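Encoded as structure tokens, the structure appears first; notes follow it.
Naming follows writing order (A, B and C), and every chain is counted from residue 1.
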Amino acid sequence: MSWRGRDVVSMRDFSRKDLEVLFEKAREMERYARSGLDVLRGKIMAVAFFEPSTRTRLSFETAMKRLGGNVIGFSSAEGTSVEKGETFSDTIRMLDAYADVIVVRHKLEGAAKLAAEIAQSPVINAGDGSFNHPTQAMLDLYTIWREKGKVDGLRIGVMGDLKYARTVNSLLEGLALFDVEVALISPEFLRPRQETLDYIQSRGLRYEFYSRLDEVLGELDVLYVVRIQKERFLDPLEYERVRGSYRLTAESLRGAKDGLIVLHPLPRVDELDPSVDGTRHAAYFRQAAYGVPLRMALLSLILT
Amino acid sequence: MSWRGRDVVSMRDFSRKDLEVLFEKAREMERYARSGLDVLRGKIMAVAFFEPSTRTRLSFETAMKRLGGNVIGFSSAEGTSVEKGETFSDTIRMLDAYADVIVVRHKLEGAAKLAAEIAQSPVINAGDGSFNHPTQAMLDLYTIWREKGKVDGLRIGVMGDLKYARTVNSLLEGLALFDVEVALISPEFLRPRQETLDYIQSRGLRYEFYSRLDEVLGELDVLYVVRIQKERFLDPLEYERVRGSYRLTAESLRGAKDGLIVLHPLPRVDELDPSVDGTRHAAYFRQAAYGVPLRMALLSLILT
Amino acid sequence: MSWRGRDVVSMRDFSRKDLEVLFEKAREMERYARSGLDVLRGKIMAVAFFEPSTRTRLSFETAMKRLGGNVIGFSSAEGTSVEKGETFSDTIRMLDAYADVIVVRHKLEGAAKLAAEIAQSPVINAGDGSFNHPTQAMLDLYTIWREKGKVDGLRIGVMGDLKYARTVNSLLEGLALFDVEVALISPEFLRPRQETLDYIQSRGLRYEFYSRLDEVLGELDVLYVVRIQKERFLDPLEYERVRGSYRLTAESLRGAKDGLIVLHPLPRVDELDPSVDGTRHAAYFRQAAYGVPLRMALLSLILT
């Protein structure tokens, strides 16, 4: 299935082949991520960020502008017609009338899907609800592919809040397209929701649960870290007790394979200590930088 | 009188000939509203929105960018030098030094006129005070011309708050340039202010007052709906009593001519029911989409 | 030393020769400040304004866009990842991954210097802390050079809050590169901090203190006015007593040389009366307009 004119709502809509085409294109786009290309001259991307997200928004804007295109829209619902009581549907219809592609960010589950049903222009989900952030997952997978030369055959650890972190759910759905083994490292009550586990199992993804990093660190090729929010814990004392186990430091990486790469969607707070930045394992700043060529590839595949 | 370098402050400054030139240009611009043109490369439009308005601002920005131009400015007074106590005049002088055209939105009557007096660059009024929103009126008239093939000879209903709705006052001033009959449908205390009525009468526009849509619906070719704000009513009970009469639904359109088109400046709240969207009468989404070619025409006529 | 790829953190990093190259380039850029050039096509400037500043931000954006480049970023810390607890360093790293040059504005001293140390892309200080606003000082000096044909040999008065006004400190550091005499006009407790005085003295800049404008007005070729904030005074009565002496009006300019030019960084509140606008001395609106060619020169020298 071609990328042309396609909506990007959920990782589940994409095949392994789709991702391979995307990755090859992104690899090519790295050459133009600084110099720029002129393939989208005259085209307009609308950013409809009902919920703010600096990094995701700016990487999309940078990608569009590096391709010669333009950007309109809003970076938060404040001061928009939404505050005047306009429905989400009407706001999307307006943007659909102006733009060639609409990038939606919303706190509510299903917002991007609804937008895609309403709009004739393709809609890209830049994160909605607690379970979908497909372009971040594509970026995460691209980073693995780019840094390790492949995805198949790797042992991949995912650590932190695996239940409510948007990026984790989409990442697991994406990993299910490859032949990998996943180590799910989290407190028991923050394991991925059953619906996600059923899905990845049905796709044949092998995974095991761990409650501590050191139980599996030595076997990992990739470690993906996300934040655990204190608010998730009913008992603050319980949070204080376990937080250390899910906070990555240079120290806690002792015993890792030489080739282990550490990924993080960013922004980070205290779950990923700056002491890691200096280690050979830190790949998250390169991961962030890949966001531009990856989204350049996405936009050019969808719009040309 | 040529459009070149001209300010757009009030509908009263424009002739029927001016509008005909604008409409022909907008019709031509529809061809480029998606693909884009390159006639304003290197030019800059400043948006000075002291009061937020997503739809008006984004349609201006889209128009400028589709023409190859750039945009600077602010979408609300928040965090601008205005908050540091700078005068409106100094802010306009600053933008005049940077931009080739200034689009002003302000809650106060006369702001655009003052800006036009201060600035050497042309100033476009994107809505100020309660009575002026000329580019919206141009868009409304273009939509009628475009959808019905002409404006002369039509029977046009305007329903809702006709006293305080910016767009209505400018629309009536524009309609006065054509040979039409206007039905003013509103509660008595929300009829257009006397000054407006005197003006359109002096221009020979024929109008009649109605308190209910069903009194005139069957004769209308165009029905323009605007919101009635609860705040306008001294007595909440009175509001509850009449609101139904000024709320358009598919049901309330029974008995309309086949060719009736319903217009609305958008955003809408509850005065225009989604049940109307599916009827043959709904033209307001196309109206919103015409905002881009209409403003492309306006900007290219003024700047080239 | 070449301008190419250079950071602009403090005026102290620049030589007289650097400024002469900049001024010649700015003079050349005046020809393109309206029509635009295409030298930075495909390039991206990030604006990282953790503290809002309409005038500085818009003049940078206008300059970048007139040069054919693009802009991303944020105009205040609100709704950015900073609010999610991201460190300043991580935010700068993100922008460094996306943009070719980063323009930083921050209320804290040293923010731009830190950004320059972190980022590989050149960083431009658009104002940080109380003492550095180098591009404003470059603009001030360019205005003098442009209006008077030279800087050497002039008698330059600086009036207002000379201690806490960012622009004054950078301006004095810049004036120290030329052969001028400076009159420091302020209440005693708002004289420049000792560290600044020691620096300009070490560079051979001659200066004298005055407590009232009329003591020196007749000898001045340039008068640079900055605001005195009421908050600086422990005793409100003291403020009321002296404010008049530091408030410029057409009246208070009686006895000035014919050729005196009055400068102000803008925005102004009441320290510079509108009655001055009409006098032959008012140069501050032209000064503001020079901001575009000056910053076009800066960006093109650094990026090409």
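FYI, a contact is a pair of C-beta atoms (placed from the backbone, for glycine too) under 8 Å apart; a residue touches a chain by one contact, two chains touch by 3 or more.
Which protein is which chain? UniProt says A, B, C = Aspartate carbamoyltransferase.
The model shown is predicted, which means the values in this text are computed figures rather than measured ones.
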Residue numbers at the chain A-chain B interface: does the shared fraction exceed half, giving same, or fall under half, giving different? different
When chain B is superposed on chain C by its C-alpha atoms, the rotation angle in degrees, nearest 5: 120
Determine the centre-to-centre distance between chain A and chain B, using the mean Cα coordinates as centres, and give it in whole Å. 41
Residue numbers in chain B touching two or more further chains are none
Contacting residues of chain C [partner chain B, same complex]: 34-38, 52-55, 58-59, 61-62, 65-66, 68, 75-76, 78, 266-269, 285, 288-289, 291-292
Mind pulling up the chain B residues that touch chain C in the complex? 41-44, 46, 70, 72-74, 79-82, 84-86, 90-91, 93-95, 97-100
